[in-house]
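Every chain is named by a letter (A, B, C, D, E, F, G and H) in the order it is written, and numbering of its residues begins at 1.
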Amino acid sequence: MMDQNGARELLQAVADGRTSVEQALLKFRQAPFEDMGFAKPDYHRALRQGMGEVIYGAGKTTEQIRQIAGAMLARGQRPVLITRMDAAAAVEVEKTLPLRYDALSRIGVIGDMPEPDGAGVITVVTGGTSDMPVAEEAALTAEAFGNRVERIYDVGVAGLHRLLGHTDAIMTARAVIAVAGMEGALASVVGGLAGCPVIAVPTSVGYGASFGGLSALLAMLNSCAVGVSVVNIDNGFGAACIASMINHI
Amino acid sequence: MMDQNGARELLQAVADGRTSVEQALLKFRQAPFEDMGFAKPDYHRALRQGMGEVIYGAGKTTEQIRQIAGAMLARGQRPVLITRMDAAAAVEVEKTLPLRYDALSRIGVIGDMPEPDGAGVITVVTGGTSDMPVAEEAALTAEAFGNRVERIYDVGVAGLHRLLGHTDAIMTARAVIAVAGMEGALASVVGGLAGCPVIAVPTSVGYGASFGGLSALLAMLNSCAVGVSVVNIDNGFGAACIASMINHI
Amino acid sequence: MMDQNGARELLQAVADGRTSVEQALLKFRQAPFEDMGFAKPDYHRALRQGMGEVIYGAGKTTEQIRQIAGAMLARGQRPVLITRMDAAAAVEVEKTLPLRYDALSRIGVIGDMPEPDGAGVITVVTGGTSDMPVAEEAALTAEAFGNRVERIYDVGVAGLHRLLGHTDAIMTARAVIAVAGMEGALASVVGGLAGCPVIAVPTSVGYGASFGGLSALLAMLNSCAVGVSVVNIDNGFGAACIASMINHI
Amino acid sequence: MMDQNGARELLQAVADGRTSVEQALLKFRQAPFEDMGFAKPDYHRALRQGMGEVIYGAGKTTEQIRQIAGAMLARGQRPVLITRMDAAAAVEVEKTLPLRYDALSRIGVIGDMPEPDGAGVITVVTGGTSDMPVAEEAALTAEAFGNRVERIYDVGVAGLHRLLGHTDAIMTARAVIAVAGMEGALASVVGGLAGCPVIAVPTSVGYGASFGGLSALLAMLNSCAVGVSVVNIDNGFGAACIASMINHI
Amino acid sequence: MMDQNGARELLQAVADGRTSVEQALLKFRQAPFEDMGFAKPDYHRALRQGMGEVIYGAGKTTEQIRQIAGAMLARGQRPVLITRMDAAAAVEVEKTLPLRYDALSRIGVIGDMPEPDGAGVITVVTGGTSDMPVAEEAALTAEAFGNRVERIYDVGVAGLHRLLGHTDAIMTARAVIAVAGMEGALASVVGGLAGCPVIAVPTSVGYGASFGGLSALLAMLNSCAVGVSVVNIDNGFGAACIASMINHI
Amino acid sequence: MMDQNGARELLQAVADGRTSVEQALLKFRQAPFEDMGFAKPDYHRALRQGMGEVIYGAGKTTEQIRQIAGAMLARGQRPVLITRMDAAAAVEVEKTLPLRYDALSRIGVIGDMPEPDGAGVITVVTGGTSDMPVAEEAALTAEAFGNRVERIYDVGVAGLHRLLGHTDAIMTARAVIAVAGMEGALASVVGGLAGCPVIAVPTSVGYGASFGGLSALLAMLNSCAVGVSVVNIDNGFGAACIASMINHI
Amino acid sequence: MMDQNGARELLQAVADGRTSVEQALLKFRQAPFEDMGFAKPDYHRALRQGMGEVIYGAGKTTEQIRQIAGAMLARGQRPVLITRMDAAAAVEVEKTLPLRYDALSRIGVIGDMPEPDGAGVITVVTGGTSDMPVAEEAALTAEAFGNRVERIYDVGVAGLHRLLGHTDAIMTARAVIAVAGMEGALASVVGGLAGCPVIAVPTSVGYGASFGGLSALLAMLNSCAVGVSVVNIDNGFGAACIASMINHI
Amino acid sequence: MMDQNGARELLQAVADGRTSVEQALLKFRQAPFEDMGFAKPDYHRALRQGMGEVIYGAGKTTEQIRQIAGAMLARGQRPVLITRMDAAAAVEVEKTLPLRYDALSRIGVIGDMPEPDGAGVITVVTGGTSDMPVAEEAALTAEAFGNRVERIYDVGVAGLHRLLGHTDAIMTARAVIAVAGMEGALASVVGGLAGCPVIAVPTSVGYGASFGGLSALLAMLNSCAVGVSVVNIDNGFGAACIASMINHI
């Protein structure tokens, strides 16, 4: 594989007359679609989007998490975010790294949270208290990406006055993350109040015909309110990424 | 099959000594579960529930509708309600019977609507104008069963102020029928406002991931509001029956 | 946010001539949909519907349950109902509060059950003995809300004589709660016998193609009997709320 | 491919000493799984099961139907049954063949129905009148296969007295075919009454959450009654084949 | 509830002139559909179908199983069959009752198996060895109901020669029970060979797109072979009941 | 209902001393959640979000479309957008209103398109040419809301070089709308290239296991690329609304 | 966009000293992932895979088909294959181009079929005659791609002898395409006989619980036979592409 | 059952004149479809396909695995492959047999891996690291069947440059196995690059709307790239069998 140095050397060889134009052209042609050092590594792209690197903890061993986190710290990454991390893994990682672990969202953070540098506020709204783990995954992720976050929890649509008491926070947000399980109606009601994009996160909260979040997912996809788009069930992290993008435009 | 007269004659024979007790007992035993004239025909049960007879027009020929309606009129039934009736069938039936046909709900009525005799008001609410055919099936059916009906249409949750302008009518109803397609959130919001049972009717309004009303159905079943129960997709008639029962207790 | 005192002060300022009518109007307009202290808290609405407050125990820690229950007791609430409560949590709560725990329905009660004040009887019917946990959740909830309850258990439609032996109790009920898993046929048969609303509760009882209660749910939604509406799978509590509403009209 | 004559010739060659045993063995081995004339053609198997040949008319052209029917008549088959046949095709076929067409079941018959030769009676039960096309497909097929058929239509479980008036016919049947759409509860109730196998046929009758017969299908598969098995949605023909097998044992 | 003695007394009162005919008629009318002692208890029906009583062990406590079994033994029932019984429960029951437990099928039997009294043989076929627990539930149940059973296991359609080596046993059976998971093709192949009814039992064997037996279930319902009907996933017991009915006609 | 005038009069009465503060407070309290004329009509909210009013043409009669459009034009709305409009309806509307109709997207426009006033460019990408109707619904809607739109069509992931030839347009967009049916992989590939939010629109393009767009919908919800959120199947309009919001922040 | 000439010129400029190495490097870096003339157009890739270009006729206008076909003919492509083409479109195209149209498979061909140049034979097997349109789409496509094809139609597994009579053709094929609807069992049986890859094509043939081919699809995915992979429902074309690849290795 | 010796004896009797031709014919006829010793056992077929025998470890006891492996070793089979084997079972088997266990793929191998004898290379590609267990099941199986395997892991489509850096390995493979969960887009992108058959393996990696691999499965079935076929979710073994067949043609 020809990396950036290889490309430079090849061009130098052309400049020096050591390689003919046609030979150089052939070598470039033989590398179609290949990573010639030009392609930005993923973390470059992530940073360009205003988002630091994140370790998806689910399915990783404690040792794997520790190694990846160590490498990221060595590269200067601050903070290091670890999502979907078991409490047991957190206990282990804390032994050697300055991890702060949030049991509710199952997020671990190493290093200080950044100062908010987004243009506005991201408002995270939940239908019930059971949706809070997903909401906190969104909120902490958004904060780690440099966003100011306002939390409005347990304002399900069956008790509208609770939600309506927070109309201002919804109307003035730069982006709203609406987190709800069961019937997922929160997304539509919030979408009707908000003037900004609403990222809806269905949760697997519920039982019976909630079918692990499918009901909330379908309801949110069918929202009659404009401005509502949907991410995967329980995907608080993904919603925060989008909201952060919008807040950093 | 032993009908009521047969039973009376058998008992008379026992009284007269023409039949022994054991013989009579045997005859009764041989008729377990059978309709001995005691069982009330369906229309009796229907009337006991405050609901007249109804002709389900879908799949019936014009001639069948005419014959059944004629028999019901001959029996004194007023009004005769025909649901899910094609406009073409209505044109034909009108030629010989004094039918009034409502094209929106596809309901035909023969005879005057009764004076309301229910205890209170049944409020029918819809999310959008596209839900009106189902809502009108519910409203006209409820009126034909002797209920006062208040219609509040096109008050979907994405524009809460429209719904909240009708809070009184929802709070003071004896029963509410909430008709909505797409995300079906209306049932939860109305359920949170109402103090009476809310019968939710998912509609097949929508496209794509509404899956013919499935999304609204699931959302309504998962309603976080107390007092909400659900009937089949587009089943305005069934919702009206339940609401009428509640209004005639 | 303008609360009730703020509203009073604003009106006083108008009365005192310190604020003009138009200025006051503007302030009210600027607070659309907001909670001005007028909105009734949820427990008010619940009480208005004849139903006391209830603690949904699933997902709550023992400590959370104890605190919420303590607060409700302090407010004078009697009885306090805790649904979906683990036996382990019950053992803990019993140490400090006079809890009575029903292991079958997983309901805990603190304080005496109220005298029935409903107009009639709520009849709870089950298809099999396996449906009893859901049925008892419904029955105990209904009793806690002041309803007289008649239990008719294990009268599945495959042995009609068992069900038909209780026709009177079904025909004279003010509301029937029909609890069944597997094919859910009980709702239709009961719906055909009853003259009152039937709230059908599909249960997750069954295996294979019962798909966690989906089969019973679909069957009940398709019931050919009038008067049948459906709540979520295993939602005995929700069915009891509706039945209690009907019984307290 | 070695047919029966080929096998006979090979054996003769062995008998005549023209072919060695090992050579013959090799030839037989080289024909693994092949049809050596021993396999019975399909119509032999069908006849052995007491069932004549049937033409599945759906998707066949009028000309195809006419040719197949002609060949079957030439072979002496009586009667020839054509299922799922369009009325238009029937009109065409009637021009050259003595077809009797039943528009309800979409079955065409050429030749006289046979005298019943089954051991008992097959009872066909339906929940509603809309299930009759499927029921008649079953009934006519059963009659064409030599069974005595009793029809009990429109005895849905929401009006039990109608069904219970026919308890005898269900209890004394050799096999029962229970045809129902919507919630499919008929199969369970009939299964509880019958002492013989019940073949349940879900129909696509219904709307909304009937999902084209899926609800009835699932309900029937979950039947709590012993003796109930299920065939495909609307498959009256298949149910009749099984019932006829049972009636001809 | 009026039982048989009550009915006799009432008739006697009529005979004695102590009760008028109309009064008696009224009393009978007031008991429509009720169990007047005429209805046969379930075990009568079960016996009439050639099947003894069975205890469905799943979800029952060891103590419940012991009590029900004791009552059945006291009533003279032999053998007593307990299905879906945990090994742990079996260990407990064995302490006080002469239980023989089959760990594969999770069936417990108390008392001797009956001599076969069915007309022919029930053949149980499986696609793989993993289907054997369901197959043995069917086979042992059938034997307990007085049937001769032939087992042909692990003859899946991907190795046809294994199945074809048993063609005789399939062709001469009185009923075949085809047990298969994954793609469920066994039912169609066996249905094509057999001349008797084939009861297909889909199993939950498989992974991924088998969706807990759904794939096999759907395949079996769509079988192109005549004579195939289907029971619930893993329902070996239900299949045996039907096969036993057919074998005892 | 108290409207704005009523509120003003009440305040005036307070100012005049004709009504006491407490009486006024009570009257306000009695109107919880009600529309006091303060609530902004929907089109206000829509305008605040940078989006003009739109007529959803599906299910509306030509006359209804004409009337609504006329009212909007009278109110000064420019342009008036009509989505999901049949060609036949367009022909009719064109007779009296200066409609320009785009048959591909089924969008009609009355009045000039606005000058783009968004901050950047919205890029609309499709997998195939069959996705173009949905893509054009998005593109024209976005243009009508004042956005500059770049169209990159038929760049499905099975021919990566086509897509990669447009990397710049994707990387520099303010928002990307990714429209694809079948396997919906486009959203993930585009999401990996883009640095802005990607709104994914599954289309119903495809056959068989595409299940009307369900496959694409699920794939998009499971996108491993950050920044991807999803709207309903074929909902090009909804995607354009969100993209326009992002482009007008 | 930098094409091949642009790249050559840039390299020449480096060779000539007109451009510095770093400047050239920068220009190459600015073109990441772009089509520099190196990427082969799609028809090149298709040809490399031994498959000519194909026009997917569904959703294309007659005029579009004619233009694309004309361009392909002008480029020397022989034959031109048009799949999923309506008969009406064929009539139109035939007016100006020498099209041969096969109504069964809805495939149109312009130009002579090529001589087979594959290594062996592709065997196409169907369960029923109704599967023939999909099978012929596969067979004609394979022939157009230079494969010898053997057709074995209507050999469903319910009549094994029909299939077993063709064991040789299955065992000696280079690839088998197994086309079946309903229960899709053919794939497993054929997979058990064949020694080569079997590409299974579920068809939408069937009714009721076939759910448009879903049952066959699931069954084929769960095949217990080794060597079976699956393509989309009714995708005869796709299966032929894979088989042709295997036959041209 | 007549085995090979029986057939030989029967033929000898014909040759000796001890049995007539017709009697022999009859005996052969009475054994239709039966295994006359001609049918090859499964392992013969497997070997013919270039694949040794494999033990499917899931659901087998350690003792069963040991016995089957012992028998295979005794028959000379090398290597013996055991798939889906628990680590605990491996520990036990290692005590008596020279097992090498790979914990990632859960594959155990006894005996040396064979020298590659396939024509080319099988390339195994995964979207993420979580897909590696399935990929390794495929890779190790392929190696055990005599294939050279190239692994390209963690090249998901959201970071195209990673995948494009391996274009050569994909373009030059004899068969590609594409393993991916979540949105499954890898199959389409790889299918667009490769010139050989691509066997797509959806994995159950993901959460929420991945529905256990269903999303990836559907996406892969809908792939717009030619040459892609699909096996069951997580079925790395099955994919390797097909790839090995293609590589050994």
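Basically, a contact is a pair of C-beta atoms (placed from the backbone, for glycine too) under 8 Å apart; a residue touches a chain by one contact, two chains touch by 3 or more.
The model shown is predicted, which means the values in this text are computed figures rather than measured ones.
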Higher number of C-beta pairs in contact (B-C or F-H) found for F-H
Same residues or different residues: which describes how subunit E and subunit G meet, taking over half shared numbers as same? same
Chain located farthest away, centre of subunit B as origin (C-alpha): H
For subunit F and subunit G, let me know how many angstrom lie between their CA-based centres, rounded off. 38
Chain centre separation (subunit C, subunit G; CA means) in Å: 58
Specify, in ascending order, the residues of subunit C that touch 2 or more different other chains. 32-33, 39-40, 45, 159-161, 164, 192-193, 208-210, 214, 217, 221-222, 226, 232
Chains touch one another in the pairs A-B, A-C, A-F, A-G, A-H, B-C, B-D, B-E, B-F, C-D, C-E, C-F, D-E, D-G, D-H, E-G, E-H, F-G, F-H, G-H
Subunit F residues touching subunit A in their complex are 32-33, 45-46, 48-49, 51, 119, 160-161, 164, 174, 192, 195-197, 199, 217, 221-222, 226-232, 238-239, 241-242, 245-246, 249
What part of subunit A is in contact with subunit C in the complex they form? 130, 159, 161-162, 164-165, 167-168, 193, 207-210
Can you name the residues of subunit E that touch subunit B in the complex? 4, 7-8, 11-12, 14-15, 17, 20-22, 24-25, 28-29, 31-33, 36, 38-39
List the residues on subunit G that touch subunit F in their complex, please. 1, 32-35, 39-42, 45, 58-59, 202, 204, 212-214, 217, 232-235
Listed in rising order, subunit E residues that touch subunit G in their complex are 127-128, 156-160, 164, 181-185, 187-189, 191-193, 206, 208-211, 214-216, 218-226
